[in-house]
Amino acid sequence: MKGIINSLWLIPALPLLAAGIIALMKRPQRKPAAALAIGSMALAFLVSCVAFVATLQPEAGKGAVQLTHNFAWFDLGGSALRLGWLLDPLTAGMLVMVTFVGSLIFIFSVGYMDHDENLTRFFGFLALFAAAMLGLLIANNLLFLFMCWELVGVASYLLIGFWFHKPSAAAAAKKAFITTRIGDLGFFLGIVWLYHETGTLLFYDNGAGCLEQGALTKLVTQTTVGGMAVSTAISLLLFCGAVGKSGQLPLHVWLPDAMEGPTPVSALIHAATMVAAGVFLVARVFPLMGAATADLGLEGHSPHTTALTVVTWVGACTAVFAALIAVAQNDIKRILAFSTVSQLGYMMLGLGVGGPAVGMFHLLTHAFFKALLFLGAGSVIHGSHHEQDIRRMGGLRKLMPITFAAYAVGMMALAGFPLVFSGFWSKDEVLHAAMIWSPSKLPFLLGLFGAVLTAFYMTRQMWFVFFAPRAESASSPGRAAHSASHHEPQGASSSPHESPRVMTLPLVILAVATVLLSLFATPVWPWFHAYLGGQLDHLQVGWSADSAAGLTMLLSVLAVALGVSASWRLYSRGKAGTDAVERLFPRLFRALQGRLYVDEFYAATVFRLNAAVAVLSDWADRFVWSSVVELAAWLAKGLAWLSRTLDESGINSGFDAGCVETRGAGGFASRLQNGQTQRYLRILGAGVVVLVVAIVWMGNN
Amino acid sequence: MIGIGIVKGLVQTAKNLIGTYTDKERLVTIEYPEERQPLTEATRQFPFLVYDGDDPMKGLRCTACQICEKECPPKCIYIVKSKDKRVDYKGQNQFYPAIYDIDYSVCMSCQICVEVCPFESIKMDTAFELSTADRFGGLLVNKHQLAKSNTHYHQIHPTEAAASDEAMNLERAKAAAKAKADVEAKAKAAAAKAAATPTASPEASPELPKPAAALPKMPM
Amino acid sequence: MNFIFAILAGLTVGAAFAAMTLRNLVHCALCLTVSLIGLALLYLQLGAEFAGFVQVLVYVGAVAILILFAVLLTRGGEAPVGRITNSLGAGLLVAAAVFGVLAWAIIGSSALKALPKETPQPALLVKAVGDKLMGEFVLPLQGIALLLTAALLGAVVIAMREKSSPAGVAVDSRSATRNP
Amino acid sequence: MASLDQIFVTLKEQLVQLFPAVLQPYVGVLLSIVAIMAVFPGIFALTTVVERKLLARFQNRPGPNRVGIPLTKIRLAGFGQFAADGIKSLTKEDIIPRNADRKVHFIAPFVLVVPAFLALSVLPIGRNMTALDFPETGLLFFFAIGAATELSVFMAGWSSRNKYSLLGAMRGIAQMLSYEIPLILSSLTVVMMVGSLSLVTIVERQTSVQWGFFHSWHVFTPWGFAGFLLFLTAACAEANRTPFDLPEAESELVAGYFTEYSGFKFALFFLGEYLGMFAISGVAISLFLGGWSAPFTFLDWVPSWLWFFGKLFAFILFFIWLRGTLPRLRVDQLMNLAWKFMLPMCLLNLLVVGVWHFTAEWNELLRWSLATVLLAGPYWLFSRSFEARFKPRTYRYAADSPAAPVVAPVAPQVPI
Amino acid sequence: MTPLAAYLLVSALLFAIGFAGALTRRNSILVLVGVELMLNAANLNFLAFWRYGPNPEALTGVMFVLFAIAVAAAEAAVGLALIIAIYRHYCSSNVEDVATMKG
């Protein structure tokens, strides 16, 4: 069983191979390409399951299973660059999740992208995306992780811009790529710094890895500017990458725009792969982040280090901020996108206050129900002929029963309906951890507020899409343009219809998984915590949480009830065509609809600043550097003028000659820079002569 | 797949290579000076002048009418009319060519001279081996070189020559008839003179030969 | 001073001199080629067979042809009329000074005199070169690979014809440079 | 039979012994030079006639069969032709165009012929029979010398002041530069396996006996076979032989870069081209076909040089055969073939050689099938996508304009 | 046996010739040719020092030359591409004409 570590590379290699083969295929070879991608993903899922089983049996007394396989990538003369695979519960859980959800999304894509003529290319990119993400998961080396990380970025760029003929898609792809690059800059600096400090980028290497005791002790004890521990600084730099990739507050702007890609891509990005990468990164380097005290274990509650505090606050703010914006969005996918940002904030909050188990569990459950929601949204969009505006939908409950049921499960999970939905338990855990977080209670309150908002906007969406009276908008021009751009036959039946089975099947599977997943981390049976912590052998059934847990549960149930009921009341009574909240708070709603103007803010600040710097340097170039010589000439001229007046006032006519000479010197100085390369070269040669003479002279003496 | 076509082609040419040794029929080339392809009757190369009888210069049919000289598109025929006349095959007194030159290096074998000749005098020859060391003078042929007997004409283009002969015989017969008629007419005229009535004119017109009928039917 | 060396050195230097002084650009490029071949032969004299043949392969097979192509593409096939040099005196003076100083340093160097006059011909094994390239010098090798790729792409991009650049622009910029 | 095998070596030694010791090395070199300069032009002379005769046969014609011994009736089946041709070209007027660059025009044919002879001198034409053995860099020397061909082509084309010449030269250079890459890459496979650049060593490595009765020529391995085919194709292009004879292309460019040459200098170009072909065939033989070694051990008694020349003749015949079969490529097809098909295949072959090297202790069958699959699969894929490029050209504007009916502008494909 | 100084002198002479050409010729291609000559002079220097140096087994000089040749090939390709681009733009390959960037 432990031998699985040696074939762990198969998991990313299979989709990568599929991507490579698909790249060689031709456009009409649609079915083989799809089969290849799905087959490779299914195989990867099987291997992942084997790996998962391997992590289930921890060796007694040693904590969690942790298998590594390190090898030298290439020799650099003396030293070697080493890479490795790592298998621990964190990796295994993620692997199973990614391959499972990924397989389902792949299957869904067959139906969703049926009309697209570039299906082959699409599956190639999807497989590449999945391969990159899986590589990222099994990496035991920060550099390899970074490489896969960037590959994820590339693949997301390709996929978001898959319909590159749409200018908005191309712009969104660029935006996603560039925005995440900003975070990656910090990430890369962190990597370089870490390598400089520890001399290795391997996470675990029999005590010599950078996440192990020796390196951590060294990092914690050193301090850098402002008395900050080196570990904190590196952690914050690494967190920059996670902020970019996971769409946390300052860099969240790309994520909603990434909706321009095909919906399965959105599902993949938001559920399983890309955004999860950031959270996974934080979980992976958690020992570094939490390294402040001598206690470096994973059990118990999270240590309160500066880095984790930053993570907490960023997460909490993001959670509320994005939830607020989501309230006022009208695009079905955009609402989900902002909810993703919000939920990612919850994950970060969970990581910050409760450690990897809390954050990762929310990540896992979120992956399932968000994939479910996105695929459901895709099914809705597909069924209603590429209509994405929720105000133009409505009444789909009857027309698309399976989709409705699945979507309802996802929605309830996301909103946190109690007891049988996994989202409730995972979110509850985050809130619980936040509640007992000692430094401040504000994150907890923010989280609670976010929960209310989540319930609110999800109910709003459900109402608009499935319950509202069906708006008659068949002849709206926007829709016609949409359907034309997606090769829909114009004369097709315009009423929404249920999606084909290849699309509904993944929905059903995901819905079931969403419900089942709630079994794994209830306070009654906190299996997931034990699994991550490697304590499966003394796991007992029973109420294992403290008394605060009950309070939290109560509060969160209340929050959900508040959100749902408020939303339902507001919207079910509202008039069709307008938004209830908009009528109540028009100005606030507009601000929210404009996504609180963050993009505009960036346009006004960052871009302006950029332009200003450009103008400044242009000005400097024009007026400072090129005029230095002129200045010399002017100086000389001024001297000349001075001497002339002196001469005129005085008597010395012989001074004239001196003035002319000085002017000549100025002219000579400006003539030196005449753009003639050969003259510069001549001066260079003369310099060489002088230098050689000087060196030989000094050598001889 | 790249390569299959190449191999197929190689096999085909290899078959040719071996085939030419085993099967002489495959060789399309004739070893020319030793072997010759029999010339077909339709072969035409350059014009020549036909003569009757034994003496080329006396039997030359050409009357130096110079139609061919005028019609020749590349102007390769040069004719100087003789001063005196002599009796031709029809028994009429005609000029004959004092000089008749054709520049073969200019001739383009268009056969227009043959078409326009009213006297069956210029025909196309089949000789093609005309190479000469002197490219200016060597291909300029005079009437002695051009004159070939009617027998030669019969050898190279039997059908056409027969038709030509027939046409000429017809002409000759007509001429003879005309001469006879003339003689008779003279006799009649003499008789009429004696009778002093001018009735000769309507009888003279049908004796003119119709030009269309006179032309020989070319076999081509 | 060895006879063969004298011939090769004369060939190299003479061809280099011709390459820098001839009027016709194609002749210059061809003379450069001769000079580079002479250099390759000098490498052989030094016992660096591998380097010598690589020199021929790269310089004669690629760089010289590249220069010839560039000459033809810039319409340099005909001998230019008028001046072919630019501030001849100053340039020659500087170059002569450089040579003078270098020669003075070489001849006057005591470190060179300290070296043994006669050294055994080192055996330059290709295998050793390969081992070095794949071992000690693997990073420079990869750097060179990157550089060559970048240079290839860069050269293609730079030399690619600009799409739809109006003829007037080129004329304008040219006249602008003529009138400072 | 060892004496017959080594007869030329001993003969040379005997001859050298006749001279004083001081002169002996020089005499030895001189003898080698004389031998090369006698043998290969002789083969060239023979080849010109054989080529014309065979080409004729491939096209169902008898070919030249007249010129024999003068003043007699003996025809020698036309094999006197080369003497007649030689005399003709030597006595023809040597014309230099008025505007030509006389010096460059004069030098160009020599720049072609001299390196061709030099390239021939590194070939191991028999056991212990190599005129110029570079123990470390023989193959590199060959490729380095080959670079001079391009220079000569350029000099000839440019100095003639004739647009056909210049066009031919530019085509020729582009072609040779492009095909030099697959040429070198495909021979690198052998260098990788043998671990030496010396042709002598490479040939000797192939004389080892495999499976009891035949010599382990490189062509009898998957990578060797693929490398051989790639090398052959590239060699065809380097020697400007027919499917790749665009630089000469009589029907388009008169005669390409040597249009303006006549008489002796033309003959030199002709000679240089053929010598280049011999040289590159010789290298192909040495790299892949076991050089001077016999195919089977029981044929070892045949003298080694006989094997070499036999293989060389086989190569020449094959080239002639190709010329009699294949039509000329278009320029874009030529470049596509080099860069989009042969280059990837060569790189793949390098990979396969690596795999072959590191799977030395595997089961033979497994190793073979692995290498074969690695080569044949991509070959199949590549050539499938590549064939689209060789389809009849469609004319965009003709097809687009509604007025003109779309007529296939290409004649129906005639089976060859 | 040729002394090291002879090689160095040849190298210096070659360098000076290339330098003089680069300094005085008007055509930019010839400036590039001069630069190539200078580079090759440096290569000759490296090989000479490798051959006569104290440690020829290290092969450092040869390695340097090999890398220098590769770099020079890249340099020639990019340089000539630049010259062609400049020629297209200015219709001239004269170094004097390209002086837009002067101060």
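Per-chain residue numbering starts at 1, and chain names A, B, C, D and E are given in the order in which the chains are listed.
Following the convention adopted for this analysis, a contact is a pair of C-beta atoms (placed from the backbone, for glycine too) under 8 Å apart; a residue touches a chain by one contact, two chains touch by 3 or more.
Keep in mind the model is a prediction, meaning the values are calculated, not measured.
Novice: State which chains count as neighbours of chain A and simultaneously of chain D.
Specialist: C
Novice: Supply the minimal count of touching-chain steps required to go from chain B to chain E.
Specialist: 3
Novice: Going by average Cα coordinates, which chain is farthest removed from chain A?
Specialist: Ranked by distance of C-alpha centres from chain A, the top chain is B.
Novice: Quick one: point me to the chain whose Cα centre is farthest from that of chain E.
Specialist: It is B.
Novice: If you count the C-beta pairs in contact for each pair of chains, which pair comes out on top?
Specialist: If you count contacting C-beta pairs, the leading pair is C-E.
Novice: State, to the nearest whole Å, the distance from the C-alpha centre of chain C to the C-alpha centre of chain E.
Specialist: It comes to 4 Å between the two C-alpha centres.
Novice: In whole angstrom, what separates the CA-based centres of chain B and chain C?
Specialist: Measuring from centre to centre gives 77 Å for this pair.
Novice: Would you kindly tell me how far, in whole Å, the mean C-alpha position of chain B lies from that of chain A?
Specialist: A distance of 99 Å separates the two centres.
Novice: Which integer distance in Å separates the CA centroid of chain B from that of chain D?
Specialist: Each chain's C-alpha centroid was found; their separation is 58 Å.
Novice: Would you please write down the residue numbers of chain A that are in contact with two or more other chains?
Specialist: As it turns out, chain A has residues touching two or more other chains at 678, 682, 685.
Novice: Which chain E residues reach two or more other chains?
Specialist: Each of 19, 23-24, 95-96, 98-100, 102 in chain E touches at least two other chains.
Novice: Considering chain C alone, which of its residues make contact with at least two other chains?
Specialist: Answer for chain C, listing residues that touch two or more other chains: 50, 54, 62, 69, 86-87, 90-91, 94-95, 98, 102, 124.
Novice: For chain C, which residues are in contact with chain E within the complex?
Specialist: Chain C reaches chain E through residues 1-2, 5, 9, 12-13, 16-17, 19-21, 25, 28-29, 32, 35-36, 39, 42-43, 45-48, 50-51, 54-55, 58-59, 62-63, 66-67, 69-71, 73-74, 76, 80, 83-88, 90-92, 94-96, 98-99, 102-103, 106-107, 112, 115-119, 122, 124, 128-129, 132-133, 137, 140, 144, 147-148, 150-152, 154-156, 158-159, 161-162, 170-171, 173-174, 176-178, 180.
Novice: Please output the residues of chain D touching chain B within their complex, sorted ascending.
Specialist: 54, 57-62, 321-322, 324-326, 341, 379-380, 383-384, 386-387, 415-416
Novice: Across the complex, what residues on chain A touch chain E?
Specialist: Against chain E, chain A makes touches at 626, 629, 670, 673-678, 681-682, 685.
Novice: Can you check the complex and tell me which residues of chain A touch chain C?
Specialist: Its residues touching chain C are 74-77, 678-679, 682, 685-686, 688-689, 692-693, 696, 700.
Novice: Across the complex, what residues on chain B touch chain D?
Specialist: Going by the criterion above, the answer is residues 1-3, 5-6, 8-10, 12-14, 16-17, 19-21, 26-29, 31.
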